[in-house]
Amino acid sequence: HETSLEFAPSVARAAVLKESSSLPEDMPQIKGYDFNQGVDHRALLQSFLTTGFQASSFGQAVQEINKMIEKRLEPVQEEQESCDSHSSASGCTIFLGYTSNLISSGVRESIRYLAQHRMVDVIVTTAGGIEEDFIKCLAPTYLGEFSLKGKELRQQGINRIGNLLVPNDNYCKFEDWLMPILDQMVLEQKTEGTHWTPSKMIHRLGKEINNPDSVYYWAYKNDIPVFSPALTDGSLGDMIYFHSYKNPGLVLDIVEDIRRLNSKAVFAKSTGMIILGGGLVKHHIANANLMRNGADFAVFVNTGQEFDGSDSGARPDEAISWGKIRMDASPVKVYADASIVFPLLVAETFAHNAARLIKEKNSD
Amino acid sequence: HETSLEFAPSVARAAVLKESSSLPEDMPQIKGYDFNQGVDHRALLQSFLTTGFQASSFGQAVQEINKMIEKRLEPVQEEQESCDSHSSASGCTIFLGYTSNLISSGVRESIRYLAQHRMVDVIVTTAGGIEEDFIKCLAPTYLGEFSLKGKELRQQGINRIGNLLVPNDNYCKFEDWLMPILDQMVLEQKTEGTHWTPSKMIHRLGKEINNPDSVYYWAYKNDIPVFSPALTDGSLGDMIYFHSYKNPGLVLDIVEDIRRLNSKAVFAKSTGMIILGGGLVKHHIANANLMRNGADFAVFVNTGQEFDGSDSGARPDEAISWGKIRMDASPVKVYADASIVFPLLVAETFAHNAARLIKEKNSD
Amino acid sequence: HETSLEFAPSVARAAVLKESSSLPEDMPQIKGYDFNQGVDHRALLQSFLTTGFQASSFGQAVQEINKMIEKRLEPVQEEQESCDSHSSASGCTIFLGYTSNLISSGVRESIRYLAQHRMVDVIVTTAGGIEEDFIKCLAPTYLGEFSLKGKELRQQGINRIGNLLVPNDNYCKFEDWLMPILDQMVLEQKTEGTHWTPSKMIHRLGKEINNPDSVYYWAYKNDIPVFSPALTDGSLGDMIYFHSYKNPGLVLDIVEDIRRLNSKAVFAKSTGMIILGGGLVKHHIANANLMRNGADFAVFVNTGQEFDGSDSGARPDEAISWGKIRMDASPVKVYADASIVFPLLVAETFAHNAARLIKEKNSD
Amino acid sequence: HETSLEFAPSVARAAVLKESSSLPEDMPQIKGYDFNQGVDHRALLQSFLTTGFQASSFGQAVQEINKMIEKRLEPVQEEQESCDSHSSASGCTIFLGYTSNLISSGVRESIRYLAQHRMVDVIVTTAGGIEEDFIKCLAPTYLGEFSLKGKELRQQGINRIGNLLVPNDNYCKFEDWLMPILDQMVLEQKTEGTHWTPSKMIHRLGKEINNPDSVYYWAYKNDIPVFSPALTDGSLGDMIYFHSYKNPGLVLDIVEDIRRLNSKAVFAKSTGMIILGGGLVKHHIANANLMRNGADFAVFVNTGQEFDGSDSGARPDEAISWGKIRMDASPVKVYADASIVFPLLVAETFAHNAARLIKEKNSD
């Protein structure tokens, strides 16, 4: 570089042309997918790891979830199983959390697949994340637009969730379905002393809906506990409120559920957290994992940011400070709308693995 | 413009120089604060209304909250008051919601001021929004940095909340304080048949803390109900969990609370919602206001966006489609971190109004 | 619903159970991908349209780009072609814009594919979007982490771009490559009267790099103009600055380029805009399309939001108010990091279409 | 804690009740403003430093800018001044950058104040950041709403910028004003050999507008250079494009400007960067400061995030890796819309300091 050295301001040249130390040899180089090799979607998704930015985070999330799946399939010693009734038979207890809107969206079908095939062990969601699943068994949700006017929609009785539309009649159908079940629940409480908790109520509703499209039908069938401590915060709460005037007395206790949820974490061999969105579902799963001094694996998918100090937007590294994720873990956050990212994650992890297992079985 | 017309591509000129219809004469012109008049903070904040972007939203939020305050002070007819025990004596029932991190931050002092002077009528927050207030009465929270490493912090037992730091010893002190109260609660449940709900527990804790720095001490003193249906989702839940092994049996029922919260909305003369952050607190207040076919006034302050279909990020117009805000309301969303915006909002609304009332009184 | 009507507060029931008008019969129902049918990536990506939120926006972007491609292939009348030298032979002139970081990332390979196969007609990017392409021909970029400390990196001479790392030596190599070319450019200016503009310089650099990995090599080969009015804002500017001390006199004129860019829009049959990221590249393409009273098709992929009044975050509907997009167009914005979304968009549009055409050709 | 130790799962207790190391004694405690002391805006803004989250970032930004101002006022040795013509007479050269939308908003008045009183030394903005200032001298901008429909606005010839509205007639008035100046510029180029650059053109326009409301009038009067390398990317470019058909030949060179800008950084005693928004203005100022091995002080105010690898959203720490900010600096990023934050920052820094100086002078 001597030629221009003498002419240019030397401080500028020194700053701009500072020499660099060499990087480790095994450091991955950035390289995207080459479409000259045709459209091979799987190769494309695998190339994300070296594409950078959130594509790389996606690739790392695939690896992290596949570690959970592998660990989950590890044989658990019989001895351990027998001596402790709390103990999970799974090598890795996977906690899946998601916000209500994802059940309203078509991500529901990915979640239902996981519940149907018992690929996750514990579910945490909000009230809407419960009721919208049942309501969709009664009537459809539609694709609209983010910019539709609230006033016009209200006049027509159409509720908007982002770019989704839910006719209010769907909630009327939900009431028709739910009221007799609430009657029955009150009866059982009074006559059999049933101590209702949100998770028990969700289990019961999953049984009652008796529909293979439902996430909670499968959670019921496969005995996957579903936690939703603020179960009254939504249409379920509206109906419970109305019902309380007609047939009062129902009690929904949240103490028994926190004990049950925490036990799932405490007595697990290892745990993984897959959390879509923020708010209660993110905090509740992470807090339960503090009870075991941290989850072993973690994948967060959300659009939140840390700058406002919210738990929703916090990076996984904040959870490490609290002991909610292990200090030696390699948690991944993907900054993205889960509607795009979660189906792709399931494709490259749970579903891919299932397809592989079937193939191996068939070839035996 | 004839001169260049003949030379330039005419389609381009026509598109660029399209004539405009005139705007309404009373449309506000954009004009920022002129610092040549010196630093007059109040005038500066008033100039925000015509500054554009979120500064204008701030100005509109000030107007909207001042409408709530004015309505709240309207005399309520005696007749109405007497004939309905649910009925609020206030012309406008103000629901205040906020996420846990704001109690961890210095926004707590603004919220405490509102509770202390009974300027709001109903509070909704998350578990952390409750316990962090009590913990701050026991030991301080510190200012750190967003980039501090989780592993090093965990090794030192320091928990990070954004750029705040909370020594873990604070939670040990919380346990020492809480455990005897939990014993007492179980005792009262067993001996007096107390039916505990989250709001009743918060009321009791506010009494026990007996400290004027506490938001919930003042909520207790001023009989402001505080709702937090997922009260087990945090350190309170951890302690309840531990306590359940030593002294089991506590029941926290969320059904009675949803009835109580909804009644606050249903029987109000008019309602206003002030919601800081998203998640449960935003949904829970808005859902309660659906019970009255919509709030009359609403101010949201948060950093969420609508594109992912989350309730947290939804614009107020989405709530109108659901009937959670009235069709003829003029709700305001300020896209900002509440740590900057909320103290300024309080300054220009509640606190300004209080100062004005005192002045008027003194001048009589 | 009569049963509980008499008991519950009637206003609440009326609000919650408001009847709805029926939606149009052809309104798409929300339905996600069913993994029980195995992992069919193409079917999965097609299911995004009815998945909701940004997945639906992705599906709409696929449709919008496919409309551009279809229109672009429409035969153009000979007559039109002959009578106007400015006139494009393409039925739709596609403007592609992207920020610098995407060239640093593996999205570069998708962009290079589009330039290589002449699938786009005009490119707009920033200085970094030019130089990083050439630098990558000289030495690789690596995958790092967002949280690596700036001070330690600077001490080692490693530059960070999000989670990418670029050794500073790469820029030294760039200087070695660029300086003789700058000498030659000054010579040609002086001896041949070459009037240099950013687009001419980029064209020349594309020729000089002579490397099929380079986007601008292919832009040179395929005569795709590349605009970058602030070409001095980056390492190219650093080098031009140093060079100006040794061999002064180079002039880079931006007036000729604006005329050239605008002509591309004005004389196009129809236009489509595909813009990844915000800032200059978004504004510059949209402004050129104002010259034709608006683009016919538009897809924006970025993470910006409208609340701060930035052009970067503005929804396409804002561009319609300016005449930058046609009033009858159906522009699409996908709120997402382009590193995940753009390769998937290319897969479902340009690359899919190319594969289809090859198949059709072979089957003839 | 012994009482419940024996009962609760010991691993959970150990994790939750981990003891903490003590924090440094001088660590600031979180404490917000107490409105019981009345509404003292200045005390309120000072309390932001210990309020946490972005309020604390605001407080740190105030400190950082005040450091720039203090340094700027330090006496510079005569000797140094005389021996180097490039050398700045200021102890700290302050670079101010902002995006176009802020000139459209009322933030313009804050910026104008800084230019009027020569409180900053170098300005960088985009084309819109130039032209909107002049256009506002010709006709006003109005407050509208983010949700106004683009199609209806276009039909009326009203342009939307976030929640601002600009009648298209304003741009017609701008053409009438600008065309004769462009004629004159071409004439001077031809007759006097004027070598036009964006900064020279802005200087000339500032002189021509001759209006104390204009930022660039004051920049002209106070000889503050204004850089905008992509000056053709906006209405100015539209007009230059039209003009080029009528009176061709204008050359705007960006090479001379990059040399001029870099010299401002290289020969400064120390430098501070205040950058509102992202894109070109952020990169251009930071890149110039690389020429001096990094700025000494830096404040960024924007809403961008780092996850997509954009320069706009990058934290200051990324700039340290590049040598654009000094390794020992304490740069601050405030995540906020500048329309709220920048006027408040000016109030607590430049304007407060000016008021203080006047007071001190008067008391002498």
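For this structure, a couple of remarks:
When the chains are written out, they are named A, B, C and D in that same order, and each has its own residue count from 1.
Everything that follows uses one rule, which is that contacts are C-beta pairs under 8 Å (C-beta built on N, C-alpha and C of every residue); 3 or more make two chains touch, one makes a residue touch a chain.
Bear in mind the structure is a predicted one, so any value in this text is a computation, not a measurement.
When chain centres are defined as mean Cα coordinates, D lies farthest from chain A.
Set side by side, the interfaces A-B and B-D show unequal numbers of C-beta pairs in contact, with more at B-D. Per-chain Cα centroids separate chain A from chain D by 40 Å.
Averaged Cα coordinates give chain A a centre that lies 27 Å from the centre of chain B. Distance between chain centres (mean CA atoms), chain B to chain D: 32 Å.
Each of residues 9, 12, 16, 18, 52-54, 57, 101, 104-105, 147, 154, 158, 162-164, 238, 241, 262, 290-291, 305, 307-309, 317, 323, 335, 337, 339 in chain A touches at least two other chains. Listing the residues of chain D that touch chain B in their complex gives 1, 3-4, 7-9, 12-13, 16-23, 27-36, 38-39, 41-42, 44-45, 47-58, 101, 104-110, 113, 116, 140-144, 147, 154, 156-158, 162-165, 167-169, 171-172, 175-176, 179, 235, 238, 241-243, 245-246, 317, 335-337, 339-341, 343-344, 346-347, 350-352, 354-355. Residues 9, 11-12, 14-16, 18, 52-54, 57, 147, 262-263, 266, 290-294, 305, 307-309, 323, 335 of chain B touch chain C in their complex.
On chain A, the positions that touch chain B within their shared complex are 99-101, 104-105, 126, 128, 146, 148-151, 153-155, 158-164, 195, 198, 229-234, 237-238, 240-241, 244, 250-255, 257-259, 262, 277-280, 283-284, 287, 290-291, 302-314, 316-323, 325, 327, 337-339.
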